[in-house]
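Alright, structures below, take your time with them.
Heads up, the next two complexes both have subunit A, just with different partners, subunit B and then subunit C.
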Partner chain A sequence: MKSRTIKVDYLARVEGEGGLFVKIKNRTVVDVIFNIFEPPRFFEAFLRGRNFTEAPDITARICGICPVAYQMSSVHAMEYALGVKVDGQLRALRRLLYCGEWIESHILHIYLLHAPDFLGYEDAIRMAKDYPDAVKNALRLKKIGNELMILLGGREIHPINVKVGGFYKVPAKKELENHLDDLKWARDAAIDTVKLVSTFNFPDFEQDYEFVALRHPDEYPLCEGRLVSNKGVDIPIPDYEKHFEERHVEHSTSLHSVIRARGAYHVGPLARYNLNFDRLPQSAQQAARDVKLATPCNNPFKSIIVRAVETVFACEEAIRIINEYEMPEHPAIEIQPRAGVGYGCSEAPRGTLYHRYRIDDKGKITDAKIVPPTSQNQKIIESDLWEFVQKNMALSNEKLTWLCEQAVRNYDPCISCSCHFLKLHIERE
Partner chain B sequence: MGNRRKPRLAVWKFASCDGCQLSLLDCEDELLAVAGEVEIANFPEASRAIIGRSYDISLVEGSITTPHDAERIHKVRRASGILITIGACATSGGIQALRNFKDVKEFTSIVYASPQYIETLNKSTPITDHISVDFQLNGCPINKYQLVEVLSAYLNGRKPNIPSYSTCIECKLKGNVCVMVAHGTPCLGPVTHAGCGSICPAYNRGCYGCFGPKETPNTAALSWQWKKLGINDENLVRAFRGFNANADAFRKESEAHEK
Partner chain C sequence: MLLIGVGNEFRSDDAAGLITARMLFHRIGDKTQIIEMSGEGAALIEAWKNMSAVILIDAVSSGAPAGTIHRLDASTQNIPSDFFHYSSHAFGVAKAVELSRELKNLPPRFIIYGIEGKSFHAGTVLSSEVNKALPVIIDLIVKEIELFSSDN
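Presenting the complex of A and B:
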């Protein structure tokens, strides 16, 4: 009986601390654990007793990589509870801010975190020696995303300008127009990125996933829409907890989200793309067609191409919003606290992020629930690893280990986010 | 100097959101230059490579919240030459230090269905409660230009130029209209450490103290002014109990309004 283990104690190029463990016995995978060992930070607990106005600033600190996602899901949930709707130019500005985060986060992942795997480098800095132009363009692209966040949010990490009801201050049209040339360059650079990453070597690997994402009647989804899947889910956001739940799986140290009826599901760029291809702007659709990216695409390694296509979308959407912008008269709508429950979902760069809050008549939070994308993808990540190792048993340990890491990075997992909700399982006799 | 090896840089993470270390990758204009000056020897967020076991400069993000981390930080200290803490989590305990004011068992059972599996300390504590550190950079998140300044200061053997006055002074230097005087908006600027460049007041918002207390802040005087603006004790407690709730001056001020 020959047994092999693949162990990565500290997974690199992901946000936060995680490891993975695969056990093989007699050429069969017998165990896979994708481990989270981030210390818990108890956000849902200390949100209790805070004011509803504080949720966007506090929940942003769950994740430094996608703070806008937390701010967007939280303000939408609060506005639902308070019975107000932010519309018109304020809504457009929120999308614009989110586009900035998408550009920044996708480019970070594509070039700095994921491309080095495909090209065989330990990191982007070592990669930059052989691909100086690609890395320089990537840094410029990333900066263009960050600059949108700085203008609209005050800073790129934990923006200070988002509030329930709108913003503290809105920009003049001229300030936004200053970004147009950069954004047009960024759109073209994103199209080139689609071409570049589509030339990578992709492992031949597909799974029959259930993809879940928001779907909006006429937009590529960011903050609004219904939750849909390719296997029959089609629900309004407030029904989320009726259909999805977090379960503790024995062999694992964490909570796994599942669809009650069927089990594991997949959120993120691949899911959005497969469910919303028809909502992408022409240029993004064309970029995907030009590189023969299938719809649906069931190869998670190709998520890097989809991220590039979504970056084309984010630039295009930003340009559209700026062109149509008229400075609103008030930066926010007035809000009176009242008791209620609110639900919000938005599409973080790495997938759907769900928030629910209960507030009392003074506006104090009495209960909070947050389900981040990485805890929803965790079960899928493990099942990918299981299948992938089984198929590629013949590879050396070293090769297989790197490919497994790469397979985890397909999901751009944000472990800092998920850990507050994932279980740290320490067995004691 | 030519054939001396480049100083080795390591980045360590404890309980945090990763935002402060992301600041380094957000230095789009400086990243390749920084990478040319140092050898990035241990920075898991950015690289698979781990080079050597000791590091000339260590950046530490995050607070200590588990027994395991309370041990690990000593190993990091032993492996490091210069050790710099980055951000509110590392310098004061961060937002997760809100547990310090509550019963952590209750917290655990709110978030986790099987709290017996969670190993965590009662308090979230800053790095300085455990080891000696060479420099502390404030902010939630830190200012990336300050990070570059601190790194280049240590690489060149000089003292970092990081002012310790208040956010309020930064406003004056920037020519911001005072939100407290002009709009009656409560602002923590007078007691908050400089560094952000007074972002919030420039966006018509009061400072919420994410850079932590400045040196010798007069928090009591500020609370008195806030009260004149109609802010009650409960809201004063919340204001000082934010991203630097466990920083001495802010903790004491919040406790003073709890009685």
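Presenting the complex of A and C:
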């Protein structure tokens, strides 16, 4: 009798496990493998055969921490395919929803995931013993971000109010104004956060990165703009796949993204900040200057400061949008399906998120491609680790492990990797 | 007294806490404040920080047989971080309880009821084991609330 085995190495769920393997031979790093679980491949298959209207709700399920990013990239891609432009207050409300996500995601990462690395605590719970006020402020900040997501998205995790063409329901001005006082407090608390995290000790480590992010003519980028880099990329979003490709690597279930012409690149807060500093509001620029944060900043450990600066931006932008808000007459624009291909990019808290869909004349999705920021940063994370371990070879395994985990968390790569699932194995010969 | 049902209604048995809360609402909703939450830690702490007593119900993945009912007194014992089914937001129930304890805003009376889940795959149907456990856990919680009321 033939035996048959069905083995599932990784379940198709949002949370992933990360592993890290570093091999050192004769005081030289000879191998670095960073492997994380990337679920979106399965979502691309789920999407086939579904209606175009379902993409924002299905893709929101990919991530519990940045569902808005998936919704925004998907609706922009669909609207591109359908020849529709969402503008005015509906566009502003989308930015506002995204601000909520940036606030809650950045604050989670800064205080609860990354700060313990710098302050020498195993986790935020132990850190809270010595920094109770900072943690309480973090929880309040996170709640303020969550509340924007609840108001505009229906709930704080996997929002349900975003649709292709706009929203299912839009708030009255008064409902938004109720959040103004909290957001003003949050802006000030974010400025204090910039000050606090800038006092941390940062390893002396820089690389000559190619930073990639959206750039918009007038705004700090969230949902729109051209894709640019500090080494010559300047393309419209539909040209993404001409310049970037995903490559399979033997050791990983996740594809590695590269720039076809040059290889690894860096997406996320540091990339956005370096490419769009001039688009930040005055208060955020000043917060960065006050702590002497360089522009460009090439030290990935300082991404924690940049996240705080971006939180100042998100609060400031939310306040601006609410002040200028007028309730639109309709929550969404009417859309008729047609055959086409659509492209969308938005800036998830942890970096650029690309979606591409093909739909038929009935509006059915026939093909989908999703490139999450974690996939794009995977190669640069390995590159950082390679250089970092080589430079810090003299450290004990314990210390080096701590710093390597911290180096991975610089990229806020995915929620389980950012927490306690990362296992480091250093082999010395 | 606040009763919190936690879970994801689209992840099969992960909905157990939410379903229990809804069933309790029909039975004692006029006497007890009952809310449903996703399990996001900051929101949880915010919900309970000024309460004197909380009962929280969530699906559990501890390795026990499906349908097993667990009762933990969080006011006297630490909650292991791997007790609950994985959280998709890194900062779920167990960490929220422990962080709240450190921040000294954990309600003085805090009982957690866990229902051991069988399947956490995408879906909207509870396993038969969890379904069978629901009337039992509801009776236990009603008694718990009565006991608390008589203590006060």
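Operating definition for what follows: the second predicted complex is superposed on the first by the 388 of 429 C-alpha atoms of A that agree within 3 Å, B and C clash if a C-alpha of one lies under 4 Å from a C-alpha of the other, contacts with A are read in each partner's own complex, and residues count from 1 in each chain.
In this section, contacts are C-beta pairs under 8 Å (C-beta built on N, C-alpha and C of every residue); 3 or more make two chains touch, one makes a residue touch a chain.
Bear in mind the structure is a predicted one, so any value in this text is a computation, not a measurement.
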| item | value |
| --- | --- |
| First (subunit B), second (subunit C), both or neither touched by A:160 | first |
| Subunit A: partner with more touched residues, subunit B or subunit C | B |
| Which of subunit B and subunit C A:112 touches, first, second, both or neither | both |
| Touching partner for A:64 - first (subunit B), second (subunit C), both, neither | both |
| Partner chain in contact with A:125 - subunit B first, subunit C second, else both or neither | both |
| First, second, both or neither for A:48, with subunit B first and subunit C second | first |
| Partner chain in contact with A:135 - subunit B first, subunit C second, else both or neither | both |
| Touched partner set for A:56, first subunit B, second subunit C, both or neither | neither |
| First (subunit B), second (subunit C), both or neither touched by A:143 | both |
| Shared contact residues on subunit A - subunit B and subunit C | 11, 13-15, 61, 63-65, 108, 112-113, 123-126, 128, 135-136, 139, 142-143, 146, 155-157, 416, 420 |
| Residues on subunit C engaged by subunit A in the complex (per definition of touch) | 10, 38, 40, 42-43, 45-46, 81, 86-91, 95, 98-99, 102-104, 120-121 |
| Residues on subunit B engaged by subunit A in the complex (per definition of touch) | 13-23, 25-26, 28-29, 31-32, 35, 40, 43-49, 65-66, 69, 94-96, 98-99, 102, 104, 106-108, 110-114, 117-120, 124, 140-141, 196, 199-200, 202-205, 208, 210, 235, 238, 243 |
| Touching residues (chain side subunit A, partner subunit C) in the complex | 11, 13-15, 61, 63-65, 104, 108, 112-113, 123-126, 128-129, 132, 135-136, 139, 142-143, 146, 155-157, 415-416, 418-420 |
| Contact set on subunit A toward subunit B in their complex | 10-17, 38-46, 48, 50-51, 54, 57-58, 61-65, 67, 108, 112-113, 116, 122-126, 128, 135-136, 139-140, 142-143, 146, 154-158, 160-161, 168-169, 248, 331, 402, 405, 416, 420-421, 423-427 |
